[in-house]
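Each structure below is given as structure tokens.
Paired with chain B in one complex and with chain C in the other, chain A is shared by the two complexes that follow.
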Partner chain A sequence: MKRNRLFWGAVAPIAAILTSLFLMYIILSLRGADPFALFKLMVSYGFDPRNLVSETNLTVSYYLAGVAAAIGFKMLLFNIGIDGQYRMGAFFGAVVGAAVNLPPILHVLLIIIVAMVAAGAWASIAGYLKVRRGVSEVISNIMLNFIAAAIIAFLLSPKLLGSLPEGSQNVQTKPIPASGQMPTIKIFDGEVYSVFFLAIFVGIAYWIMLNKTVFGFNLRATGLSFRAARSSGVNAPGMIFITTCISGAIAGLVGIGTLLSDTHSYSMAFPSGFAFTGLSLAILGRNHPVGIFFAAFLWSFLERAGQVLEFEGIPPEIVIVMQGTIVLSIVIAYEVVARINLRQQQKAVGKVSSEVLSEAESK
Partner chain B sequence: MSTDTKTPSSLKSRAKSLASSPTRIAILIAGVLIILSFVEKVTGSTDISSPGTSGATLRFAIPLLMAGLGGLWAERAGVINIGLEGMMIVGTWTGAWFGFKHGPLVGFIAAAVFGLLSGLFHAILTVKIGIDQAVSGLAINLIAAGGARYLSGIFFPPVGGDRTVSPPVASFPTFTLPGVSPFLEKIDGKNIFFISNVAGMLNGFTKEMSLVTLLFLFMVPLTSWILWRSKFGLRMRFSGENPMAAESLGINVYRIRYVAVSVSGMLASLGGAYLALVASSVYREGQTAGRGFIGLATVIFGNWKPGGVFAGSMLFGFTDALRVRENKSVMALILVAGIVAAFLAIYFAFKKKWKPAIYAFVVAALALLLNKTVEVIPQEFVTVFPNFATLIVLTFLAQRLTPPAAAGAPYRRGSE
Partner chain C sequence: MQNKTLRKLGAATVTAALALTGFIAAAPAQAATKTIGIAYSLGGRDVPGFNQLAYIGVKPLLDKNKSIKLIESQDNPTATDDQRAERLRLMAGRGANPIVVVGFTYAAALGKVAKEFPKIQWGIVDDSSVKAANVQSIVFKEEEGSYLVGVAAALSSKTKSVGFIGGVNTPLILKFEAGYIAGVHSVDKTIAVKSTYISNFPDFSGFNDPAKGYEAAKGMYENGADVVYAAAGGTGTGMHKAASELGKWSIGVDADEATYPAHAAYKKTILTSMLKRVDLGTRAFVADALAGKKTAGVKTWGSKQGGVGYTTTGGYITKAVAAKIDAAQKKIASGAVVVPTDPTKA
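Let's turn to the complex of A and B:
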């Protein structure tokens, strides 16, 4: 049974990727291009060492978003607020980091903690509304994402917490001094952010927390059945609240790599869209830390490799369509597989019960 | 608009206290308008009741209204449609492309057809296959955004190297009500307290109106009629409240949901097309700017009723209009809100309902404080007012909201 599940777990993602490749094949053929030549080009461009470096950095951000989403999913929470949480984390991390002067390692630690606390606190609003007011976290988080963006846009004004460097049009926070910056590792003319190691640590911590601690057990129990967990003594509402905050705190780390190793200040140019990406990756990786990693790499690979299409006269945004199709195909695949399993179980039960019945009758 | 004649009396009285009777609403509106005129007189800001503002309000409100009605149709049948934003993008793009090629009318028809298809897509995924409604909706948003970019890059001739904007589209003919509009203008010019203000507002609604605007406004009573007066509407609401029970009475829940969600997509898409063809005359990437989500918010704000959705979208359209027009008006509006809250506080205090009285008093005090201390409200906050207002409603009035009981829950025929 376990082996069976593992098999299906691997089959579904691969089937989803093949489906979306097929769709892309059709779209590209319609455009009059040679799909296989383009795929080949994408692969060789995507595995180019220099691009691999930027893919690694993007993978780390996506991975953290994926883990944040996965923690929520374990509790049946749909954390679509990762976008706002990550913004809050990166922004307040940048502001505090620029305002203080500390010895190197302490400085970085402080920024990371501030980012996690700010993002977690922002997520706690949705957690509170869910637990105390029964507000769906999907709706509240969508609204909170917009509000977070507005608050930050407001605070970024040069009169308040932002600054406008000379000769620049882009409002940003004041730069973080050298002691608060994270080193990079130079490979292939590129620089891999050292936040990479933090991401590995988060992945391991996530796995241990979930599988080896009482807290993780309670979390999974509440996710599986709120009522059962509650009646066996778990503070289920409290668990939901804390899980939301932890998910948000992890989301606060999403922007750390870019902030501490590259830009050293927060600006509106920080990308958005991490929420749905994170959710997609958690779904694709089945909430498993290793699965999410592969999914995150696939996502960043597609995005970087897709850029080569621009030179062939194909708008690279086709990749976004492809990502959306992968997500849809995979949830469909899971749903269909679950339905087949259910039917087989029902059949098995029916068979046993009819045997029992006929035995009883013959007696 | 009581939904059910057999509700227990406590429910009935509660429904009544929500100010649902037309006369109450009329009195309320008149009261707010009087306060508004008063504030305009005091602060000297005249833009709130100017025809320009009410015209802009309507232009901003219609897309929200259509998205909101789309959300309402889907949720009343039991399916949450987070893909409204994506369906609006479908409408802006197809509307602009077909409008550019064959004129605005064809643009609207194409938007309706493609919107219907996008809604049908959501229905197949969530109803037939049964995947999570939020995942499906979000994936539709993503695919629509990416697809629109891809198609713009291929189909639209680059405008100065920019491939995110369509070529200008011929706009829809507008008309001004003969007799009425000049008459209203005359009254507006006479500066009579209250009457001139009302005339100014009405003038904005009737001047240079697009037929499409009128048609879309008509969707509100139509939806209301379908939901509460037609057989299909009864079945639709039944499917949204308790699909199991509906199925047991022989209603084909799947079919009802298919129809409702398809219509939902069509309405949202038409709202998008309105953005490209009436509110402006061009497709621009990111034109929807989260309006699909605000449409979702109006559904909550309007307590899952067509009239409520209309009121919500008008309010949000109004703040949107003020944002682009004059910031001073926003301050005046806050003063209005403060005075209204103060009246409410007195009203509740008379009724000895202390808790709401205190809430209203705090709101009034905050509004007056804000008016005294802050000079301008930052643009950013005006933009997210709808999102903020919805959160507040969800937080403090969640007990009074009556969402369809089965909205968002997965339903499979023959299983619990």
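Let's turn to the complex of A and C:
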């Protein structure tokens, strides 16, 4: 039974990837390009050691965004606010980190905690509105993303918390001193951010929290049925609120690698657009910590490897088409697989019941 | 049965893995001919604005010498400094030299990569914070060009009210706003200037959102403004549309917007465009680098160097107005007028 589940669980993603590869093949052929030569080029650059390091760092950010989304999904919450939450976390982490002077490990810990608290607090607004005022978290989070951007843009002004180095047009926070920076692991000429280990820890903690604790049980129960959970004594609204905050706090970790191991300040060049990525990865990885890891790696692999296509005259948007196809096909594939499973179960039940029935008749 | 399927699946995976290792062996060959690289900012070559102008600047060099190759790459919103650096390394690894990097968001990445490839000549548009022996900063005095179109706006306004639309609220676009306000007020201090910005970073959509540009411009025109200037890339198209519908003036940016095919229906109300000659800047840099000249340092393109200016396409700038703008230009060139870069001081 377990093996059966594993098999069907793997079929859907593989089918989705094949579908998207097939679509890519058609698109590339229509453009008059040689699809196999291009795939070959993508694979060879994608697995280039130097590039793998960069992919690993990107995977970590995507992974954390995916886990943040997955926690929400377990509660049927669509946390599209990951983007704003992550930015609030990274920004306030950068500001506080630059303002204080602490011993090395404490300094890093403080920044990480500030980032998680800022992001979690930002997410709590959506949680509060949902629980107390019945506002859909999708609507409030989209709004909160814009508000977060506006608040940061306001605070990052050179007159307030930001600074504009000579000759630069890129407003940034003051740099975090060395004690607040995280070490990197030098490998293949590249540097892997040590936040990698934090991400592994988050993945394990997420799994344990969900499957081995009363809290996780309540969370899953509330996600499956709000009313049933409530009538069996679970504080369902409270669970929704807390889950939203936790999801936000994890989102606060998304920018930590870039902030503490690379840029050491928050600037206009900081990335955005993690919300859709996180949600896609949670769907692709079926909210499972290992599944999300593979999904995150696939995403960063496609994005990084897709870079070479530009030099062959293929627009980089092709990677987005590919990612979109994968998510679409996976949703369809999971549904098809679920239906096949259901039909098999129904057949099995039907077979048993007809046997019972014919036995009864013969008697 | 399930076991069999699993085994088959396993075999397929092994085959696929073997095939992959075969692929890895093939590495891209180094280019024997000269290759120019352009790393675009968000939006890429196809969106009118500084990205496209960088390409326009390089294109004549490619047409003249067919053996020169061009490789291009564009930024995406989720990219970190690390990934931008990887992109530049990839272009350098492909043998591109010189490489033009468009936009200040590349500054940190270029700071790292330029050191790793000391033999490659790098040029960065809109930033002068990267100091290295192989990096040229290509910067513009946007405030001077904006000052000139501000003079044009003030002289063409009958309602004594004009508008400014910025794409994204950044220090760079504030320079446009500051110059424009100063230009307007140099003609008549009583003219009101209304300013608005379409988006805040990291949402850079304000540079390519014609629908919001339309709404913003319409609001300004309906509230009394009769000339609006947009420093907002593709967003400006919406402003031109609103202007042509309401019969008011609009002012373009970067290139001569009245000549864009997409603006054919609106060109009768495009008063002028503020030119920011990113094309001249990149062409000069690339040509020098190809000729083997030293290019490092800060190269500033102001109105004196012909780096910024205004257009008279359509003939809506009358001779009298043009004479006054040219007089203002002379004052800037001579240093008699220093144009502010901060709107609060304009």
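The rule we apply is simple: the second predicted complex is superposed on the first by the 335 of 363 C-alpha atoms of A that agree within 3 Å, B and C clash if a C-alpha of one lies under 4 Å from a C-alpha of the other, contacts with A are read in each partner's own complex, and residues count from 1 in each chain.
By definition in this document, a residue touches a chain if its C-beta (ideal position, glycine included) is under 8 Å from a C-beta of that chain, and two chains touch if they have at least 3 such contacts.
Predicted model, so just to flag it, every value in this text is computed and none were measured.
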Checklist entry - So if we stack both complexes on chain A, do chain B and chain C clash, or do they fit? => result clash
Checklist entry - With the two structures laid over each other on chain A, which partner does A:Asn51 touch: chain B (first), chain C (second), both, or neither? => result second
Checklist entry - Between chain B (first) and chain C (second), which, if any, makes contact with A:Asn141: first, second, both or neither? => result neither
Item to check | Partner chain in contact with A:Ser168 - chain B first, chain C second, else both or neither | outcome: second
Next on the checklist: Which partner chains sit in contact with A:Arg133 here, chain B, chain C, both or neither? Use first/second/both/neither.
Outcome noted: first
Next on the checklist: Going by the contact rule set out at the top, does A:Asn79 touch chain B (first), chain C (second), both, or neither?
Outcome noted: neither
Checklist entry - Which partner does A:Ile332 contact after superposing on A: first (chain B), second (chain C), both, neither? => result first
Checklist entry - So, does A:Ala150 touch the first partner chain B, the second partner chain C, both, or neither? => result both
Checklist entry - Of the listed segments of chain B (261-269, 279-287, 387-395 or 405-413), which one clashes with chain C in the superposed model? => result 279-287
Item to check | Overlap of chain C and chain B interfaces on chain A (superposed complexes) | outcome: 146, 149-150, 153
Checklist entry - Inside the complex, what are the residues of chain A that reach chain B? => result 31, 78, 80, 129, 133-136, 138-140, 142-144, 146-147, 149-151, 153-154, 157, 276, 279, 283, 314-315, 317-321, 323-325, 327-328, 331-332, 335-336, 339
Checklist entry - Which of the residues in chain B end up touching chain A in this complex? => result 80, 82, 125, 129-132, 134-136, 138-143, 145-147, 149-150, 152-154, 163, 290, 293, 296-297, 300, 378, 380-381, 383-384, 387-388, 390-391, 394-395, 398, 408
Next on the checklist: With touch defined as at the start, can you tell me which chain C residues reach chain A in the complex?
Outcome noted: 2, 5-6, 9, 20, 23-28, 44, 71-74, 76-84, 86-87, 89-90, 94, 104-105, 107-108, 126-129, 137, 139, 169-172, 199-203, 298
Next on the checklist: So in the complex, the part of chain A that touches chain C is made up of which residues?
Outcome noted: 3-4, 7, 10, 39-41, 43-45, 47, 50-51, 54, 57-58, 61, 87, 146, 149-150, 152-153, 158, 164-171, 258, 262-263, 267-274, 277, 303-304, 307-308, 310-311, 316
